[in-house]
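Multiple structures are listed underneath, in structure tokens.
Look for subunit A in each of the two complexes below; its partner is subunit B in the first and subunit C in the second.
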Partner chain A sequence: MSLIVDNKSAVTQNLLEQLQKGSGKIAFIPDAEIISAIRHLENKGIPNNKHEDYKYCNIEAVLRKEFKSVEQSFNELTNADIAPLKLEEAINLVVVNGNYNESLSEKIIVKGLTVKSLKDISSSQKTLLSSQAKSDTDALIALNTAFSNNGLFLDMEKGNVIPMPIHVIYVNSGNTEIVVNTRNFIHIQANAEVTLVESFFNTGSSKVFSNFVSEKFVGENAKLNCFTFQNEGPLSYSVNTNQVKVNKYSTYSNTTTTLGGELVRNNHNVELAASNCEVHLNGLFITKGTQQVDNHTLIDHQMPNCESNELYKGIAKDKSVGTFNGKIFVRKDAQKTNAYQSSKNILMSDDATINTKPQLEIYADDVKCSHGTSTGKIDTEALFYLKARGIGEESARKLLLQAFAQELIDKIEIPSLQERVLHLFEKTL
Partner chain B sequence: MISIKNLHASIGEKEILRGINLEVKAGEVHAIMGPNGSGKSTLSSVLAGREDYDVTEGEVTFNGKNLLDLSPEDRAREGLFLAFQYPVEIPGVSNINFLRTALNEIRAYHGQEEMPAKDFLALVKDKSKLVELDSKLASRSVNEGFSGGEKKRNEIFQMAMLNPKLAILDETDSGLDIDALRIVASGVNKLKSKDNATILITHYQRLLDYIVPDFVHILYKGRIVKSGGKELALELEAKGYDEIKKEFEIAD
Partner chain C sequence: MANEILEEHIQNEYKWGFTTDIAADEAPKGLNEDIIRFISAKKNEPEWMLEFRLKAFRNWLNMVEPQWAHVHYQKPNFQDIIYYSAPKPKKELASLDEVDPELLKTFEKLGISIDEQKRLTGVQSNIAVDIVFDSVSVKTTFKETLAEKGIIFCSFSEAVQEHPELVKKYMGMAVPPTDNFYAALNSAVFTDGSFCYIPKGVRSPMELSTYFRINASGTGQFERTLIIADEDSYVSYLEGCTAPQRDENQLHAAVVEIITHKNAEVKYSTVQNWYPGDKEGKGGIFNFVTKRGICLEDNSKISWTQVETGSAVTWKYPSVILKGNNSVGEFYSVAVTNNYQQADTGTKMIHIGKNTRSTIISKGISAGFSNNSYRGLVQIKKGASNARNFSQCDSLLMGDKCGAHTFPYIEIKDKSAVVEHEATTSKIGEDQLFYCKQRGIDNEKAIGLIVNGYCKEVLNKLPMEFAVEAQKLLAISLEGSVG
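And now, the complex of A and B:
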């Protein structure tokens, strides 16, 4: 037993040393907060598969096996590197290795919108940080809090509606193994409306461990419509944490598509902190090889008359592993809650694995909640039907898998992003 | 067109077809009748290439080719069409996309180019009239939420679109009311030509009032025990299957 403990702290210690060497002082997080984050990290250690929440996603093992080097050498990127990652109908902003890069980002003048590096935020804006992502809840949040770089701060003032999507391109790139802690804060004030796309890439030739934390605040009667596009490639291991807080009469939605990345862990935690709000979380993944995708969601209904919907679908090929763990809390004041959750998966090989774990904890008595999960192989009756009409095995499979995913692909309302997803999805089938 | 010789097929350990012999020529309509469990649907499944069955003996020649060597898709591309007894619902795949893919894969197999979209849509419009299929159904997901009658009409619509050489209609009359039966039968009749052939698999004589067969075969316990003209069906209707069972009781 002592061996395990020693080993765990060794990984954490090594990581702390690595990062402390390379990082400067983080200006936007108070010292006390950083010290407390490091303390939590030292106490908890990086989670391994003995940790209930990381049962199918051993982050500690990834860091131990894949990230041994102490030196970290980051690549600089040019406009030419970024150009193919942009979305034509959006305002494209760029965050490189955790730092907001103003010169690579498109200049924007939109009424009510402020975009800046976290190092440049005002003291009142600083008080927002870490209000939702708390170090004591998760070691990866603590790690990010202790070592995050100058990420992005985005603020939409009261009552403003942005006419086009904002696309944040998070791109990591290193010459050596690198560990990147990217952070942002998305602040949508009352009655404002924003469509936000967040895309994740790795353009370097070395392994990247990306630990992303995003705090999203949706004010009263505001709307935040998010799309997450993950295509980081086989050298990437990432944990992406979204800590979202929604307020009265507000709507938050997110559709996440995961197409690349050797390991992708998504923690999507949404706090419905006031009445009459609405949350939609959707996810689609297709995995191959030895990829692992692990979607964890937490929907916390705290107040009455709110609605949440979750729809996750996955296709696992080869030896890949897909996980959906969705928790819904309905607290005792959250009467008249409607909460729905669905996870559907297709296993394409005998060696692929799907883990699903829906969890409902309901403390109110006047609520409508339901959940459903299904995991199976491709429908052989449907396959035979298509083949009996002259459609070849491969096209028939593709038609059926595309049909399975279509419902989610249709939710991606931004044409160029939808096209990008569809193209990669078809390529992976 | 198709020549079936001494066909034996089993599912698991159970032998269901026990030596079927049947010869169908272009321009002919054959009806295969028989009580439940006689092997009617097994025969159509084996011919279409369903993998659940093992062919243990015999041969099937289709237009000079060994049918049993072909994959289900190649059988379809060679011109064999099975109208399913229970058409499958495929949510998310539109009827149109499904048919366009099927038609173009069949064309590619024969070295033909893809059909231009305009011609394809004109064909859809034309053929859907044949079975009075609402054009809205064409853009919906394959069979999803269709009524029993709509599903069967959709089968005949697909048959019209793909223009097969040999159509096997597996209990296409089951679950149809009299109006739907008339529409389906009239569609099949309009598609009949001297170059193609039809095998009707049915339990009841009723369908044969609308689609008149040249030959009627009675299938019982995996063998064709009696063949004749259309009058055989009427005889069967009058006497019922019990007579046949008595006459051809085969000890298992």
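And now, the complex of A and C:
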């Protein structure tokens, strides 16, 4: 594998060189795929704000500024490090610095469920890999494809319903600046039902650039209920890409809560590839300091009679920046589509910024699509109402913000996770 | 049923697609500094004007065509365009009798008889018209009546000669010559246009209007409109346009600038009906226009209303920069695309001053194989306290081969701002149609009725004369597009 870089972007070149030094040979993705991913990176480079999809999220600048020398010196983690991150009512699985760690994970005794590391998958399973996350669609997917570690493979056999949630803990930890390319593959077969929690942490003492790519397949009449919890702290810069494909009569839902992380970019691309399926995406973020959160969704309606719902809410404090960019794409054959999208934001400071870009791209005529977005301050009349009843300004404000977020917090059906979110949310307020 | 109606529609051709046989005084094809000097010399322009053009041209050479719009077309060859075409003979005209009779016939066909309007002075149709034929302003009516009030309404070239201080001060204020590819091109090669100045405290007694027509083949039209409303003044301005039917794509790259001072208000209405190409998508006008207004001082207001039915490709974002405190920006738009037309249109509202307000109502209708996009920017700058915006973009789809898209950009940097945006996409409801048909209204009329109702919010904002024309245009553009 040779790296011939045409000096298109110094940042990309530098990153490629640094990662190449530290990475071994990856077995689970075919060489041809890796080479084409590197070619794509060389040609397109890491996206900056000139790139329409990354207009409000300059990844190139972050890498240039914050990740000058990536040494890839990782920390080992013990059970004691992981214990506080676990959720009590779930099966806890651990991925450390992009590698699935079986010894730290809990044993699984659930019918039909297979969990293993990506390098151990069978050749028939390999054929699906990278089919949903294509290198030529996004430079960060390409970067992940080229340098991804030994991630997690999760398969739920036909017709099995899982009795408890699975909790995947992604934890990064390094001594020096590190770039982690975590990858996973979630396969829910027909008629199966799974609840999945994905939590992201950084326990190290240095900066982490986490580039996460997840491919999720939801089979016919299957149900995948996901919760994403992001609390990576001020040293983390992360891009999380979810490439989801849903099948006939299936349901996919995801609720993402973003509380920590200096830069968090969520790419959530869902392909409704068959008729009669249903997708729900929800998101909540609260940012402070100089944090930056960018939620980017694409709902691709390809077949008729599908439904999609999106609800994203954000609160931006201090000098933080919150972005929502959602696109509903309705193809020619996707008649009778119902697609709704809503983004609501509150600005708490004059130095904070909210950018929203809700988009509709529609090529079918018999559809009902709508989007709405609103950005504003705390309702002064509601504040007055509470103050008039003897509630202090500060508590009244918190009460109103909590009420604003409650709709989304309520969607988190797992009590211990909900509690964790609520606790951190209140702390940030 | 569907096919019959479609057939009928296909027969309904572009009504304004005639050419007029008038000898034209043209520049050779192509674009270089010599052509710009030629245009400037032809128009007997002062040195600073030529400098402005050359500066813009040199900038343009380093610019690339914008690619981000949701439209696909064959890029125009900028060396294959005639940048100056004036109807010949061009001499000073004292009265309408001296105007080339062929030209008058054209206007009659267009339904704007200058003659008639002159007779009707102050009676019914109370509109002063400036007509721009290919690239040159032909005749401005009612000039004397307006002059009594101190209103300057003339062609751009005339303004350069007679009011250079105003032109020099305001030109390029809203749309700098380096603004974008097509604005730079326009700044380099514009040939004429309209100029309008409303002095302090004057309410224009009549509606002012510009009528653009591309006539000669192989030409591009590059006109510039500059409207200045001084303190406490008001004007309502109309713009209309048509072009002959041709197989080739012709380029129209205009610039419109509006500047309002304290307490002033400008209402700018457009009915755009350039030739949209035939049913195969061949020919038609490329309409790449930069329109922008600045509410320079407090309490001023700029309102854009547009009805877009023509052009093969439209790329147009009438914008308002709300600089003065308490200033107001409005954008009302109906964009209709049929056959292979493509439109990427919308607005930009830039809030800088305190207590600024803006409203955006956009109604898109797509039929046939067309694509219709709304693209808008609402930007609340830091310090623009209590800024308020409401945007609504609705799309109506007729048929399953067309597309309707919405691309709003909302950037907010002030916590006291309140910004709302909503958009819907739907088709004409079966129940709505059924309701009409049950009451004895046939399919075609029912659709007309529903579409008109759908656009009412915008059509209501048009001056009366234009509203009638716009309604007719809507009906013609959409006839038979639903079976």
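What we mean here is this: the second predicted complex is superposed on the first by the 420 of 429 C-alpha atoms of A that agree within 3 Å, B and C clash if a C-alpha of one lies under 4 Å from a C-alpha of the other, contacts with A are read in each partner's own complex, and residues count from 1 in each chain.
Note that a residue touches a chain if its C-beta (ideal position, glycine included) is under 8 Å from a C-beta of that chain, and two chains touch if they have at least 3 such contacts.
Source: prediction; values computed, not measured.
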| Which partner does A:D318 reach: the first (subunit B), the second (subunit C), both, or neither? | neither
| said: Once chain A of both complexes is superposed, is A:N355 in touch with subunit B (first), subunit C (second), both, or neither? | reply: second
| Looking at the overlay, does A:L400 come into contact with subunit B only (first), subunit C only (second), both, or neither? | first
| query | Is A:G390 contacted by the first partner subunit B, the second partner subunit C, both or neither? | reply | first
| task | Could you say whether A:D365 touches subunit B, subunit C, both of them, or neither, answering first, second, both or neither? | result | second
| query | In the superposed arrangement, does A:A382 touch subunit B (first), subunit C (second), both or neither? | reply | first
| Hey, which residues of subunit B end up touching subunit A in the complex? | 48-51, 71-73, 75-77, 82, 84, 87-88, 90-93, 97-99, 101-103, 105-106, 109, 141-142, 158, 162
| said: Please output the residues of subunit A touching subunit B within their complex, sorted ascending. | reply: 379, 381-382, 384-393, 395-396, 399-400, 402-404, 406-407
| said: Could you list, by residue number, the parts of subunit A that touch subunit C in their complex? | reply: 52, 332, 335, 345, 347-377
| note | Residue positions on subunit C within touch of subunit A in the complex are 68, 70, 382-383, 395, 397-427
